[in-house]
Every structure is written in structure tokens, then in C-alpha cells.
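Structure record follows, encoded as C-alpha cells.
A, B and C are the chain letters, set down in written order, and residue numbers restart from 1 in every chain.
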């Protein structure tokens, strides 16, 4: 499918896309790092929300700010900013995520100047009424800050339209995941990955124009995917910056049929009820969506969610993708693995830094795991 | 009926041939830069040694990092599966295998049928691999092959606390300058390697009987330190280095 | 009881061994801590509840409810000081925890499963109280322990104050303080006595004021105490804040220190250079570090760590303790932006007449360590004093290279000597 080339292109080189969007359409762009960023509010202000994933390549400038035991997402992100690769941004937003992103926010505020800057200090616990009220307060405050920062009003109707747009986008993305899950031969995992990743980068109206054609194309079987037997794999972790994981996994006889990733299903899970107060509705989605390990819903919620996903998606095995120095995920891993063991779900772990292990080593691990399933 | 297994490792290439279910020959050569050539050479040399020709062999399975570069084999299988199969074939009672080579270390747990139930590999850090020992041998100016025997003479093990190979090397150098006995430094190095490997093995629930394979298995000092860490006895396979190739040959038999 | 007596014996021996290190001659501390751990370990017999709580957590309501607070972080420090950290951390790694995780958390998690460590494990908790004002790590750590012990967990979620303590944060934390009291009442099955709570609140504020006064004595030349002494005396303001014992202890300590000031007795015999320490102590190398600096006639007169337990006095109102507690617990040193942290550091440099800044870059503590390079730059620009970064870890001695640290300290001290003569 020709259309997919565009998604791959954007995924490969998001900064060029950002620059073009700025140069050709004079769009205001706000960068963000976390799936808890209230994109709908940014969109409602007529500003383009663009997710940043950390820069590829050597990290040198960021080393004067962060120690080596800081994760490559944080160091890479700062590197991109300091090297001037993000100069197309009109601002950045930092929702409260983990200890490292929190400090990135401070260092960013003190060392970069992209115009608008906001910390959206969301609650960490999501299981109380007071947290829900606080979540709503924080989102309202962000709305006001954006209005002040860009001198525009964000009316309720703008927010409703934004929620509507995002509901549509999320529905399409979920549909694409489902199509692939039902028939892993219909489209390759790397293509699905490229679509979801590009969705966080592209202009959302353009995206929404294109997604129906993508879905139709997939249904028609208009996509290239090989026909070998595929073990059904659930990928679990934070962000996955490595399209090669999908390709090498398919080479070794598996396919990612669903995920619990921040750059995957956690991004599009949860359709928002658009009938009530729009800010409250946004808050409600965050209170109920599958959680990131840096947030607290209950002591068992992530393990239970994982087991349910395995059952629901009929996965053969689970691969935990851990970013080195990512504390919240590393703390959850032994317990998540235990959950799998108790249920007899085979699982393996892959710890990666900024670069993947060599393809040979990765193939060995994946092939062995496929053999075990 | 003859079956062959070829294991192309990063440093050495190994071949094994089975006849009627028995290992009749193994061979080891250096891999060099061309994995395919090494695979072909070690196989051809072994055939020659046994007085066989290629057409005598029914099926061939390749394994190791170069497994996919051989065009003349019937199937390529990862070395983890082959190590498991090989160990189970030679020693059916074995439930865990610890394989420590030059560049990586692996641990596997097998079920009753010899299938790999869980496995773990070291990350890209050199701690807990043969390379770590190599670096330390250089710092001490001692032949690596003598490491095992020397350490067994130690009365105590010097404490080497750093995980990082570079830090550990500087620790070793400062121990030398403090006049610490060579035997106890080497014993300390072995304990450090053993604690990395045991952490890897414990993570996947290692259980007895444990077998050790790979080049480092030839080092008695590491084996002893590992036994102490795991509080388990460890058997060293007589096919320590060629166990993967034997496993590949066994898998060829089952094709 | 025999198991308990054994534990107690091990604990006393460990403490006695530590006393021989000569960091402090204060016997009172050991007695108080022994009795405290004895009480905690026999809580079952006295039918009292035990709560595990984070070091920055609101302990006063627990004291008022007669619940015994137990601090896994204090336990972590004891494990580190007894040089048992590496072994317990390794055990946690075998359980699947990455070696990059906080070494307090790793050693506590594995310790709970084997009842190991210097005091044979902490007493089993009846509840867990986690305040995330110090890090996100405690949230994960307490989730793990809540699953392991299967006990209720209360999380006091204190929003991060990058640049402000905003109205909505105030409302959120205040509501949670109310929820916290309800939680305690539910678990204990009885009501909080508000008169007792007020008394505990006053004692807490008084204790913190005294602790501040103790630390302030170091502004004198020569300083009657070093940061290494502060690391030792700190235990009470962390664990028994809000009790009379703590107030009495620091009052006595203050008297002793003031006597020394009057007589001009310094903690470091020939104090010539005055340094400020940043981050947690390197528990397993305290004596070595203390000797190393003393060799250069340098005294660590203050640190950013121990001041954290009196750093928010400005937000506290002893007459409305519960009300002011919300703000005081939210705006602690680690829960603020690095520019405000740098300001605090610079205030300390002025107050204690500091010649050099020593930063421990602590692999275990990201909120404390990430951002240190920027703080160093700000301090160097504004104060022009030399700064040193030591790469280490508070409990896991495998991340410490003695020769590397020694070289750096020597070079740093040469710089200071050159500047000051």
C-alpha cells in the first residue's frame, strides 16, 4: 500500500515533518514526551501536538547535564533540543511522569527556549475521588495556561470537537490493531508500528483523513506481509523506539499481535464520553485508562491487565521490553513475570539501551523463544 | 546413518557427527572472518578424519551466531536450543545448563523432555563472560589457561567489588600494588564472575542437576566459585565446548 | 522470643561495632534506637500496630495514634553501614530486580524475604504509608511490599513543585491528609485523639527547630561537628519526630555542641577548609571519607541531606499543625525544581562559609542526582567555588571505586588549597 510509505517516512524522520509543517503551513507546534499529555486541549487551541521520542545518534551535549545512569530517552531528548533539531517547536509540555522526566523538565526549562513551557503535574495515584478532582483542576489550569501563552480562547465547543477527533483516531488505530491481531498475515507488525508512531507525529486532521483508506487497504489485503507461521506475541513495556524489533521478530517466526506500550495501545485505549463537561471527560479517561507503572491504580492492576490481554488476544507469549535505567518498568518486571509464570504464560525479557543488541544476538533470543512456545 | 551438527561461534567453529545415536567425532577450529567458510572447513575436516564423504550424512543442522550463513545445511536452530538438546541427550538427568563463552553467558532451564523452559543471556556488559577473565589475565600478566589451577591454591579470595570491567581492572591493579597474593586476586576475580553468572541463573530459577558448558567451564576456579554461590554441585560436560554441535546433530537426527 | 533475642543481639553488636568507628561518642543514640527497634520487633506482644513509612512521610499522625513507625530507608542505611548492601542487592538481582534500581529498595525487598541484614529484618507491617515527595521509587517499592505482606497501602501523593506550590495542589494534599487520618482510624479501629495530635505536632516542630539549631552550630569556626556526625545524629529526627525523647536528645546535643563552640573545639583538629556535601551519605565508606577529608584539614560543615528534615519549618505552624503539614511535606528539598535547589545550596554556602562543594552522584537516587550538573554550574557561576562530583552509590559498594574517588578528592583539595592558600 502506497499510503504506508508516507507513514514510514514520517516515523523515520519526524523532525523533517515538523519543520515542513512549520514552514509550509505556519503551524504552531508543541512537543511532548508522555502519553498522559492532554493532547486534546492542545489540539483544541489550534496547536499541533507532536510527540518526541528522543534523538537517535551520539549523545554528547546532554552528557554535560545528565549522568550515564539516566535513560536514553531523557538524554536523547535533551540532545535533540540542545543540537537545535527541535527549533521548529513553539513550546513543550511536561506531564508528571517519572523521576527522570521530572528532572528533564527542570533542565529543559533552564537550558532551552522554545517559547511556551508547562509542567502538567498530574496526580500519581488514580484511585481516589480527590485525585480525580485534582486531575480535572490540573487540566483546567493547563487550558488556561495555553490560552494565556498563545493568546487564544479555548471554548468548550473546541474541546468537544477535539475529543471527537481523537475518539475517531483512537477507534481507527484500535481497529488496525484488531485487524492485525485477527490475521497477522494481513499486514506486517512493522507497518502497524509505523502507523501508530506516525499518528503521534502527524497533523491530526490529515491523519484522520488518511486512516479510513489505510483500514480499507488492510481489509483488501493491499499490504505486504509474509505468510510463514507466526507465534502471537504481546509486547510489554514503555516506549519502543526500534522498528527492527518488529522486523527481527517476524524473521524469527513471531508477530506482535498486541502490546501494552506507552507508544502503542496505551496511547489509543479509552474512548471519551463526549456528553459531559469536556475537561472532566478528559480527566476521566486518564483515571480509567490502562496505567503506566509510574502511576498507581492498585497494586495488582498492571499484572491483571497483562493476563487479561494475553487471554483476550490469545497471545502465545509475552516479551518484556525494558529500557535500561527506566525504574518504574524495572520495578514491575519481576512481579509481571511472576503473574505470567503463575498462569503458565511463557515470557522473555529484553533490556535495551539506546541501541538494540546485534541482530544476530536478537535473532538467537527470539528464535529460541519461538521454539519454546 | 550419520547426522551432523555444526556450531559457528564468534571465536571457534565446532562440528559433531552422530552414528546410530552415538557421538563418533567432534572437531574445533577458529572461525576467522568468514563464517560460511569456517562452517564448511570444520565439517569437511571432521568428515575426512572419520573417513566419510558428504553423501554419507543424512541431515545437518547448524547453530551458533553464523547458523544462517551455511547454505548446505537442512535447518538452522539457535545455540540455546542446541545446548539444551545436546546436554539432555548426553546427560538426560540434567535440568539446568550454564554456558559461558568468550562474549556471552547464558543460562537455561530444561523440562523432563529436554525442552528449554526458560533462558537468560547477559546484557552487552562483559562482566560474567570469558572476556572479563581475559582482561584480568592481561592485567595480572598470567596465562588465562593457568587461571583455574592458580586460584585453587588460594587461601582466601580478595574482594573485587566493581561490576564494571574497567573499574574491576583498576581494582585488580591496586590490589597488585598493595602486594595482595596473586592466587587470592585470581580467586577474587573468579568469585566476581561467578556472582554475575549466578544472578543470571537464579533469575530463571536454576535447579539441580546443573551442567556447565562453554570455554569457561574448563576453568575449575570459576566452576568452584559458582558452586559455592549457587550452593549446588556442577557437572562439567566432557563435550563442554562441542555440546552445541552435538545438540545440533541430535536435532538433525529428529528431522 | 529466642529468634528475637538473637536479632537483638546481632543488632546491638552491629551498633557497637559502628560505635568503635569513632564517628560519634554519643551513647544516648544507641540506647534510644535499641529500645525503639526492640519495641517495634515486639509490637505483637504489646498489641501495637506497626506502619512502614517513607523517610519524608508524615509520621506525626502515627505517633499520635500510638502506631510504631518503621523506616525501610533507615534500614537501608543500616544495611549500607554494616556493608551488607552488595550481598542483599545481589539477592534482589537474583529475584529479577535490575541492578540499576535504588539500592535501598533492592536491599529492603530481598531482606524482607530472608529476614537478613544487620537486625534480622524489619518487623512485619500492619500497614504501609508511602509519601512520594522524595521520589517515584518509593511508590513502586511500597507496591511491592504491599503485595508481599498483603497489607493496606496509603499513598500521600505530593505534586512536584517545579516552580510553584499552586492552589489546586494545596487542596489536593489537604484532602489527602484527611483521607490519611481516616485510613489510620480504619486500620486501627479507633479514633484519633486531636489533643494528642496537637501535642505531637508541637513536639515535631520543636524537634525540627532543635535539629536546625544543632546543624547551625556548624556555622562556627571551627565547626564543633561534621556532616558525618549529622548523618549519625539524624536517625531520631527521621524516625521519632514528634516525641519528647527526640526533643530531649537534641536539646542535650545542642548543649554539648555549644560548649565545644565556647571552648573553640573543632570536630576536625586543624580545620582550615570548609566543605558542603550534597546527596545521601556513602554509608559503607563513612569512616574512610571522613579520614580522607580530615587528612586535608577539611571539615564537611553541612550537607543538603540532613537539613531536609528541618528545611520546611518556614511552612509549618505549630498551632495549626495538620493544616500546615500539607505544605511542609509537599515543598521538601527533593520535591522542588533544581533552580530552587541551587538557591538552597547557595544559601548554605553563605551561611556556613563554605570553600568547596562536594556532590555525591548517587546511582541509586535519580531525583537527587539528575540535575546535579546544572546545580554545580549555577553554584560555580554565582559563588565561584570549586565543585567535586564523586560517582558512587549510597548502599551498593560495587559501584564505588576507592582509588578513583581518592584521586578526585586529592585533586579537588589541591584546587581549594591553591585558591585559599
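Everything that follows uses one rule, which is that contacts are C-beta pairs under 8 Å (C-beta built on N, C-alpha and C of every residue); 3 or more make two chains touch, one makes a residue touch a chain.
Source: prediction; values computed, not measured.
The chain with its Cα centroid farthest from the Cα centroid of subunit C is B. Top contact pair of chains, counted by C-beta pairs, is A-C.
Per-chain CA centroids place subunit B at a distance of 46 Å from subunit C. Per-chain Cα centroids separate subunit A from subunit C by 36 Å.
One simple way to say how far apart two chains are is to compare their mean CA positions; for subunit A and subunit B this gives 40 Å.
With touch defined as above, residues shared between interfaces to two or more other chains in subunit C number as follows: 95-96. In subunit A, the residues that touch at least two other chains are 324, 351.
Across the interface of their complex, subunit A is touched by residues 95-98, 100-102, 105, 132, 135-137, 139-141, 143-144, 146-147, 153, 155, 157, 159-160, 162-163, 166, 168-169, 171-172, 175-176, 179, 337-339, 361, 363, 366-367, 369-374, 391 of subunit C. The part of subunit A that touches subunit B in the complex is made up of residues 324, 348-349, 351, 353, 357, 360-361, 363-365, 367-368, 371-372. Within the complex, the subunit A residues that touch subunit C are 64-67, 69-70, 74, 96, 98-100, 102-107, 109-111, 119, 121, 123-125, 128, 130-131, 133-134, 137-138, 141, 293-294, 296, 299-300, 322, 324-325, 327-328, 330-335, 337, 351.
Interface residues of subunit B, counted against subunit A in their complex, comprise 65, 68, 77-81, 104, 115-121, 123-124. Subunit B contributes residues 161-163, 167, 170-171, 174, 195, 198-199, 202-203 to its touches with subunit C in the complex.
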